[in-house]
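In order of appearance the chains are A, B, C, D and E, and numbering begins at 1 in each one.
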Amino acid sequence: MNFLDLIWLIPLVPLFGAAVMLFFGRRLSKAAISIICPGAVGVSLLLSIAAVIQLAGLKEKIHQVTLFPWLPLMKVDMAYLLDPLSSVMILVVTGIGFLIHVYSVGYMGHEGGYYRFFGYLNLFVFFMLTLVLANSYPLLFVGWEGVGLCSYLLIGFYFNRKSAGDAGKKAFIVNRIGDAGFILGMFFLYQLTDSLKFTDVNEALRSARFGVEHSFGLLSLTALLLFVGATGKSAQIPLYVWLPDAMEGPTPVSALIHAATMVTAGVYMVARSNALFQLTPETSFIIAGVGAATSIFAASIALVQTDIKKVLAYSTVSQLGYMFVAAGVGAYWVAVFHLFTHAFFKALLFLGAGSVIHAMSGEQDMNLMGGLKNKIPITFRTMFIASLAIAGIPGLAGFFSKDEIIWQTHASPLGSNFFTVVGLITAAMTAFYMWRLMFLTFYGEGRMDEKTRHHLHESPKTMTVPLMVLAAGSVLVGWLGTPKIFGLPEFFRGFEGWLEPVFEPVKALASEGAEQPEHAFEWFMMGVSVVIAIGGIYVAKYMYTKLRRDQRPSGGMLYPVLLNKWYVDEVYDLIFIRGLSLGGGGLFAKFDREVVDGGVNGTAWTTRFVSTVSMWWDTWIVDGLVNLSAFTVRALSFPVRFLQTGLLQSYALAFVIGLLAIFGYYWVR
Amino acid sequence: MLHPITVTHYLVLSAALLLIGTLGVLLRRNAVVIMMSIELILNAVNINLIAFSEHLKTLNGQIFAIFVITVAVAEAAVGLGILIALFRNKETVLIDEIDILKW
Amino acid sequence: MLDTALFYSFALLTLLGAILTVSLRNAVNCAIALITSLAGVAGLFLLQKAEFLFAVQIVLYIGGITVLFLFVIMLVNLDQTAKQPRFGRHWMIPVLAIAGTGTLFVGFLTRGRGTLALPAPGVAADAGGNVERLSDLLFREYLVPFEVASLLLLVAIVGSVVMARKKAD
Amino acid sequence: MSVYYSSTDHFVLLPVILLALFGCATLLFDFWLFPDARQRRFLVWFLLIGEAFAGVALWRQQSFLNQHGGSINAFNGSLVVDGFSLYFHWIFLATTTLVGLISYRYFEVREEHHGEYYGLIMLAQCGMFFLASGNELVTLFIGLETMAVTFYVLVGFLRADKRSNEAALKYLLLGGFSSGFLAYGFSILYGISGSTKLNEIASAVAARDPFDPLLFLAIATILVGLFFKVSAAPFHMWTPDAYEGAPTVVTAYLAVGSKAASLALLVRLLTGALSTAHAAWEPLLIGVALLSMTVGNFAAVTQTNTKRLLAYSSINHAGYILLGLVARNTIGLQGVMIYILVYAFMNLGAFLVLTSLASKGIAGEDINDLNGLMQKSPAHALWMLVFLLSLAGIPPTAGFLGKYLIFLGLLQSGHYILAIFAALYVAVAIYYYFRLVRAMFTQKQENAVAPTTSLGMKLALGVTGVLTLVIGVYPEPWLRFAQWSITR
Amino acid sequence: MQSHILSIVLFTPLAGLLVLLLIPGQNKFLIRLWANIAAALGFLVSVPMLLSFDRAKDGYQFVERADWIPSLGVQYLIGVDGISLLMVMLTTVMGFLAIFSSWTSIKDREKEYYAMFLLQQVGMVGVFISLDFLLFYTFWELVLVPMYFIIGIWGGPRKLYAAIKFFLYTLAGGVLMLLGILTLYFQYAQQFGRYTFEIAELMKLNMPLGLQQWVFWAFFLGFAIKVPMFPFHTWLPDAHTEAPTAGSVILAAVLLKMGTYGFIRFSLPLLPNASSDRTIVTILATLSLIGILYGAFVSLVQKDWKKLVAYSSVSHLGFCTLGIFALNQNGIAGSIIQQINHGISTGMLFLIVGVIYERRHTREIKEFGGLAHVMPNYAIVFAIAMLSSAGLPLLNGFVGEFTILQGAFEANKIWAAFAVLGIIFGAAYLLWLYQRTMLGEITNEKNRGLKDLNWREWAVFVPLIIWAVTIGVYPKPYFDILEKPVAQIVHRVHQSANMPLAAATVVPPIAAEARVR
């Protein structure tokens, strides 16, 4: 059986599951749902594995299946493309997706709208697979928008909570802002290359027609617009604001969508467009800069959060920043590698957090936890592994990928030591806040109330098994991308090799990048990062196990700033309100900003103001003009009627005056 | 002063009569007098016609004048009939008291 | 010379009568003034060699119409009307309008005097008197209007009867 | 001595002779045959038969013209039968017949003696006949007066009704006043041409400068007189009052017949005798037309009396028709002809519906009297809708055709601004026509009195309605008819 | 060979109307039944037309020609090309669904109601198939009257105001358009010595730019008011809000399209120089952009559910006009597809409002909230409609908007940049609406007992949903149908733009074939 030609089935099976759920779900039993939906993703997983294996056997590692033409005017088809990059992605999506489906069977067991949840989840998997399997930008955009929609639906799953609805809306609209950039980017790309198929676009961009653009030109603009799309989807500055709020959704959703898959779509897209970004070093620098800024910024916020999911959310933002740093410095395979490893341990962390919350009867505040180590041992152990992984302890997945990123910031021709420093600081912060989380949650005395304590219990098998599988993954997958200096067999460096055909370097950069790495320095860097990680963990341990609450350093002025997330949401508001009160000053004039803010808050003051003004315009000016006709008619009708006095002589007078006017015409003619 | 009398003299006379008649229509309140004023106007027309008739040495103008007189008669007859009908209903012939119909 | 004098005296009579018609308070007096004016016009007819019309004017107009007016004036409530003001309250604008019209009127006439050099004067009076020729013209060329006039008079008769009839049936 | 009265003369005059005959017969038989009021409705048969005879006579003229073309001159050129006059004769015939059909029920409802009525409207039609056929000033003048005097009587026909009296008096006084000016103008025309025949006047006028003072004086006074008759602003002031006060059926006849006849005269003068002096009258026409459309439209907006509203609307229509004359081209003239034809049917139809609203004790003239007509009588309401749409000029009703041709004429002659004005006023007009529509269709019915009706009314309603639609949907034959009527 | 299929499509509703008039008014069930049958027939007879349409052929098909008013050069000339074919199908489908959706919501004066709808159907089909300008104008005006009544009789509290405003506004535009038409007519007569209103003939005209511009503006007023483009849009919210549900559906789905169709069918090919004139294009594109953003902004602050949807129409139609004045294949084809999409999605949104209005008799957004709890199916349908309207990929809206944006981008990048903002706001107001009505707790006790969709409502929505999805997933047939006619228009506009006042430009070969009969 040729599974390569069946890759279109991979997304379609979950779509089928989703359709069944949405239209017939209410009539199905819970058991049936629990089989159909995870089953659908399972089938996709199997199909994916089979297809990837077959792909590996191909000489030219690329396979396209065209179903039917879609947008003929732009030569876009409904067609799927399997190549090394997308194969990594589908494995992540279906694999982790399957685990999370299984987990959800347990986690969501008590919730209403069970069928709906799984329907959305399956729909999400469909769109995500479409995104990664698409062979063209518009089709990618289908998935891109679709996952945004599912994210909206799933964040707002508890739709009777207003905050959930708001968060969902915010997510969708912020994403749309990014999408706007993405759409424009696509148009520029089409203008440049006359196609939107990845293969054609990349071929064209790598051809002699285009050279590296050193000033800010059309290529850079295109790349930047695409990157705007990526910042929206992957929660980078300035459009990251939706992701923390998105934690309103059920925890499996946070794990699947807001950690492992959807948010990485931006990274995937940048990687996919590597041919373009390689041509524009300036944009690449911007990407790396934004990534670095986001990573340290989000990490700083994560330091002080008390909500367990919020910590993980900011952590995700921070880790995504890492990925963009990698992409920005031209190390695309590393970005994808980190994406890959991060998917495992971050999904695990979220699922673990979900298990904790499950055990805590829904409580998410870490200050009210503690001492759970023995109460929920499996959760604890798996999360322990994940925390080590994300902190960058050697031997675990996170170590390899993160270390490679930090090394690439130094080694890559596009890199800069500034990024290296930021990366290291962020690494330290990561180790600290993750272990702060671990210590607050699992160690020490329990701080929960009696009732909750009474209910503490380990989660069911459906939840713990996925945790264990992911834990295994968090340990093992890193070994696919060990550093060269380890000198391990080729298998352990398989990841880079596997992706080689996709990230074919552009001629200009290839020659520059040929400089020999300094082995000693690389070892040194590795050591530094390990020390930093262990240091971070130790500081956390010291602060949260040794010190009493009041003894811990307050962080001074910084603490409230961090706790309030650098006041960004407030600043967004403040700028515009002040701008307005100044009577439309320079800031207000920046329509772009207005749109950002208006979009972000949906109901934001600015938008309301503008809309209200236009409403007034409509009611008083435009309508006024229309009704003026009616008004004028009446106004004019009055004198006419006024003259019609009913008196014969005034009629005769009008007659004579008419005659006089006619005579007069003769004389003044 | 004594220029030979031309047709223009008649025209001016007729214009004057016409205007006096018009004045009567515009100013008098009594409907009967208004009708009389209309008779004056028709007489002005007749003066014109006769003057032209003589001037042109054709009799068509005189014929026209006969018909104008006929019309005047007919109008006067009907008008007075209407006036009587109105007077029966409203007890007035003052034209500015007749203003039910307006606007 | 005599013609001139007669013209001016008839014209004076006509205008004076006319002015009195529109200005006298008592409607009966107005009617009498109207008779004066019509008589003046009749005189002018005579001056212009329209003898038949002169007769018509005297008999039909003065004898017929004016008497009709007098009847009506008697019929309607004269006493009350006679005490009322003659003119409407707003007389200024009508007077001005008519003055303006009159000025322009005269303008037309004086300016048009030159163009009154009219088409070739018709044949001078040939055989037969005024009445004869008139009747010939009337029944030959103006037969239609003549017939229509009968309809007009019929309508007038029926109309005045209809109007003046009391609501009998 | 020559023959006073030839067979041609007879052939031409026969329709009007028949009409006059039947009219007099009606007057005679009124008391003689039908002493009982209930029986008087049979008098309408006199009218119908008379019209039928007249129709046959007209048809003979029509077929003669169809065969031989040209025109028939009679009475030494006093009368002329050509396409133009026949076209109008047919309109008068149809109008009078339809008015007759709707009248008897109306007068029965109003409890008015109406024996003479049929005779009078036939005599009025005789007057109209001469207005359309006359080719000579005296005939035209006397014809006009015959019609006008009849209408004075008809307007005041409800003798017991103060409003009818008042309307008649106002109409008479102002009508006489305006006739005076018209006659004055005619006298000057005679003076400058030496003849009362239009053909000779035409050549005399052609020889003169258009702005010759005397000619202008004549044109001005004649136009003033005729503007009065067709109720064009600012000589329109009598219109609303007379329309409101007159019996509704008479209003219909006045609005359609009198107007059409006066327009016949106006068109014949302006396109015939005075056509060479167009430089003088064209601006006057433009001014009066614009003023008429403005006054008519804007004053109509706030009316609450339907007859008054339609009166103002008729002023507005006069403006449109005058614009067609301004265009001074075949299309414009064709537009005028079609407009008059269409106007006759649609306006008659509208008044007909209003007539049917009158019932014992209810004048049926207030807009509110139309309320809920759709429920009371869908047929009336729907036909009324057709008439109103047509009056407003919405395709595919007939009213559109007339407006359309007039726009066409204006554009062809380069009067773009006028065309835009005329077009925009269509939208204004919609406003008040749709007040009636609104009352009929969207308001609740208050008193469930169904409209009065009779066989004649049904018939008339059907005829006017169907024609209003048919002319709009399949205008070709009508256009050809109009075309034929203006080819000289 | 001449088939009469178009006449059949055109007059089927009229025949239905005549039969309807014969049914006594008391027999309400029969009236409803027959109206539905007639509308369904109207749809069914249009199907063979769709099937036998040959998309490979240039020019118009199913042309029928007969003299109507020969002395004025007016003909009964009808025919369809790809553009009008789609519009006709939209009309027949939406017309049927609109009538079907009224089954329970209209309870008084049903006979008149359905009669008006059938009459309107005739007018709308006529507008889209007329190839004679005067015939077109006749149908164009004919449509106004039934809609006036639909709004004025069965509408909301301010129905009379809304109805007359609608009527006045569109009529004023219409008569000015008529003057434009007549100008063309005379120009033709001057150049060719005979009078005709045939569009294909009028295209042969060679007019100076100045005159073209005048005529263009005359057309513009007629069409822009109908569309409606900013700032002529104010009749729309009133009319939409006050109209009964089915009226709003037809108004949004079909009536507004008459304006955009007018631009495509008449303004562009007949006045190619004016339409491609830089100033004019800039003005129109700017107005479209203002419309897009303005509509979206105003939608955001609406308190009335239906009014919000109405204003969203302004925004969507802004996209359509923008696409048209991009003057390229993408823009125009996208615009036409977007017109159909708007018909589907906004039609659905109005139907959705109608469903809830029928149950609760209010449209105040704040009266609702948490409806998804009691009406889950309704919430799903609403979600689909909303997403279709917001342009989610794989639903219809995206295909249209994306193609338009591409077209706009090709024409002017700034336009595309601004238009893209419209997409953001589109999502914003719709999602917010959804949130306020469907999500959250049930705040109003009155909403607790509401019934979910019944089978009849499902039957209305399902075809629309399927249609929306098929366009979204497989729009190629639509693009195929549109390819030739749009290419012709684009070619014509650009050719004359490049060769100012070139003598003969491409004229679709309509006449030759039809004359053979």
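For the reader, a short list of remarks on this structure follows.
Methods note: a contact is a pair of C-beta atoms (placed from the backbone, for glycine too) under 8 Å apart; a residue touches a chain by one contact, two chains touch by 3 or more.
All figures in this text were calculated on a predicted structure; none of them were measured in a lab.
The set of chains in contact with chain C as well as chain E comprises A, D.
When C-beta pairs in contact are tallied for every pair of chains, the largest tally goes to B-C.
Set against the Cα centre of chain B, the chain with the most distant centre is A.
Averaged C-alpha coordinates put the centre of chain A at 38 Å from the centre of chain E.
If each chain is reduced to the centroid of its CA atoms, chain B and chain E end up 65 Å from each other. The distance from the centre of chain A to the centre of chain D, with each centre set as the mean of the Cα atoms, comes to 78 Å. Taking each chain's centre as the mean of its C-alpha atoms, chain C lies 30 Å from chain D.
Chain C has residues 88, 94, 97-98, 101, 105, 107-109, 116, 118-119, 122, 141-142, 145, 149, 152, 155-156, 159, 162-163 in contact with two or more other chains.
Chain A has residues 629, 641, 644, 646-649, 652-653, 656-657, 659, 663, 666 in contact with two or more other chains.
The set of chain E residues that touch two or more partner chains comprises 168. Chain pairs recorded as touching, per the definition above, are A-B, A-C, A-D, A-E, B-C, B-D, C-D, D-E. Within the complex formed with chain B, the residues of chain A that make contact are 641, 644-649, 652-653, 656. Those residues of chain C lying in contact with chain B across their complex are 1, 3-5, 7, 11, 14-15, 18-19, 21-22, 27, 30-31, 34, 37-38, 41, 44-45, 48-50, 52-53, 56-57, 60-61, 64-65, 68-69, 71-73, 75-77, 81, 84-89, 91, 94-95, 97-98, 101-102, 105-106, 109-110, 113, 116, 118-119, 121-125, 130, 133-134, 137-138, 141-142, 145, 149, 152-153, 155-157, 159-164, 166. Residues of chain C touching chain A in their complex: 88, 93-94, 97-98, 100-101, 104-105, 107-108. Those residues of chain A that touch chain E in the complex are listed here as 22, 26, 68-74, 78, 138, 141-142, 144-146, 149, 152, 156, 159-162, 164-166, 168-169, 172-173, 176-177, 179-180, 183-184, 187, 190-191, 595, 598-599, 602-603, 607-608, 610-612, 614-615, 618, 622-623, 626, 629. Note for the complex: chain D touches chain E at residues 374, 385, 389, 394-396, 400, 404, 407-408, 411-412, 416, 419-420, 423-424, 426-427, 430-431, 434, 437-438, 441-442, 474-476, 479-480, 483.
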